[in-house]
Amino acid sequence: MPERFVHPVNVTWGDCDPARIAYTARLPYFALDAINAWWEAHLDGDGWFQMEIDRNVGTPFVSMAMEFRSPVTPRHTLMCETFPTRLGEKSISFAVNGSQDGTLCFEGRFTCVFTIADKFKSQPVPADFRAMIEPHIRAE
Amino acid sequence: MPERFVHPVNVTWGDCDPARIAYTARLPYFALDAINAWWEAHLDGDGWFQMEIDRNVGTPFVSMAMEFRSPVTPRHTLMCETFPTRLGEKSISFAVNGSQDGTLCFEGRFTCVFTIADKFKSQPVPADFRAMIEPHIRAE
Amino acid sequence: MPERFVHPVNVTWGDCDPARIAYTARLPYFALDAINAWWEAHLDGDGWFQMEIDRNVGTPFVSMAMEFRSPVTPRHTLMCETFPTRLGEKSISFAVNGSQDGTLCFEGRFTCVFTIADKFKSQPVPADFRAMIEPHIRAE
Amino acid sequence: MPERFVHPVNVTWGDCDPARIAYTARLPYFALDAINAWWEAHLDGDGWFQMEIDRNVGTPFVSMAMEFRSPVTPRHTLMCETFPTRLGEKSISFAVNGSQDGTLCFEGRFTCVFTIADKFKSQPVPADFRAMIEPHIRAE
């Protein structure tokens, strides 16, 4: 069974709005940072930048859905548990569940398609990516 | 029948990532700007800032869902058609559909709950808000 | 004498921090938006994106300096008066002075160098740029 | 002699513009994150959020100046060396020098004033702050 991957985010003053909680539009940023960090952790340090430029593999998003359960604040580190939930022929889905001090703050679901980056054309999941990803897939 | 409300966004260099399209996490920002602009247009110029501070009405988000149909670029103004789709006892849902040069780029669905802002406690939709909003509700 | 160029920014809830004023790090964003808008207004609609990709001219920043005079809030449109203050052999300097409701909020000074974009190599100010820019130069 | 304080920033795809380097307006964000982290490291974990809300001490910025020496990319961690350079009667100045892989990328200088946060009124540097800060002051 794969280890849980958790990306920590230090939420600060600048992330907050006048209600003293993280501004809603910051939360997709945090979730995408977590997905990028998941790639870095599982692909020899390569995130989207290196995937695109060095490996010519893009993974643009086709959908995102987030449920906001509890406000995110600077009081605790935001722990973003991140894992792939499904690997299709040409796509990958991720869950990113953010919590602070043991309280679930948001649940996010994201789907990306694989592309040949310099052609912005979809492609099947490359074989080396598939081999790396499959052991990490978990049900939501 | 209410007029269509369209919020224009000038997408620029700084919104784009190395793939030369707007970074995915910018798109929820644009959509939230459009919802804030909808309030400004229908509430005597008041957006979330004035609603919270002058009217003591908060509308925190409980969910967001976006489908990304086509990349957003600086080549054309991003036209965000924005309208409420449902008004519940204590909540409001919005659609934000972004298009460029006639091509649909994303469809977003958002739900917010009404709160007494200084108590961060939910409340029914205030009567003056309900009266203003209802004529603008449209099916998705 | 050239007309004054003023770029309006609609400051909103999401730009503000818990002190209910625009977060400091947003102000350079606004100023850069104003400089990009200056290019768009004077270069047939082309901002940095089109300059880089269509004209192969980059203008990376080498310095920025901002003095913050008064807080920026969502209460009034932020009016960013923007103009070139100096055109060197290979560089351009801009002033961006932001005000709200007649009160000066910040003064910014920025210097960029011209590059051949696809080589990331500096170049003299292209002749057509020089001809366009010179009439707009004003003392600080 | 005080230890050097270095705040690491993981620069990613989403921070970059189409020139494949961090967008200029992101760099003040990184520098401010570093200053906030300096406070957290020296004030029992309290950053601007806790300073403002728990201690009623604000430190709004009155000036920023940055020199950009070399592009910032996702290739290496951005190491932001951060230290106070001057403590006045009512103000503090910081240096933030960002480097990647041993190359200096930017030098930033920032000045903040101390305020009574809930009154947005300037105040002398509180005594406990002064005692903590003084040993860390270094010449630029």
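Points worth noting:
Should a chain be cited, it is by its letter among A, B, C and D, assigned in written order, with residues numbered from 1 in that chain.
FYI, a residue touches a chain if its C-beta (ideal position, glycine included) is under 8 Å from a C-beta of that chain, and two chains touch if they have at least 3 such contacts.
If you're wondering where the values come from, they're calculated on a predicted model, not measured in any experiment.
Here B-C and C-D were compared by C-beta pairs in contact; the pair with more is C-D.
The greatest centre-to-centre distance from chain A, using averaged C-alpha positions, is reached by C.
Separation between the centroids of chain A and chain C, computed from CA atoms only, is 34 Å.
Here the CA centre of chain B is 28 Å from the CA centre of chain C. Mean C-alpha positions place chain C and chain D at a centre distance of 24 Å. Residue positions of chain D touching 2 or more other chains: 13-14, 16, 18-20, 24-25, 29, 32, 49, 52-53. Under the stated contact rule, the graph of chain-to-chain touches is complete, every pair of chains being in contact. Considering their complex, residues 18-19, 21, 24-25, 28-29, 32, 49, 52-53, 58, 60-68, 71, 117, 120 of chain A touch chain B.
Of all residues in chain B, only 13-14, 16-20, 23-25 touch chain D in the complex they form. Chain A makes touch with chain D in their complex at residues 10, 12-14, 16, 20, 29, 32-33, 36-37, 47-50, 52-53, 73-74.
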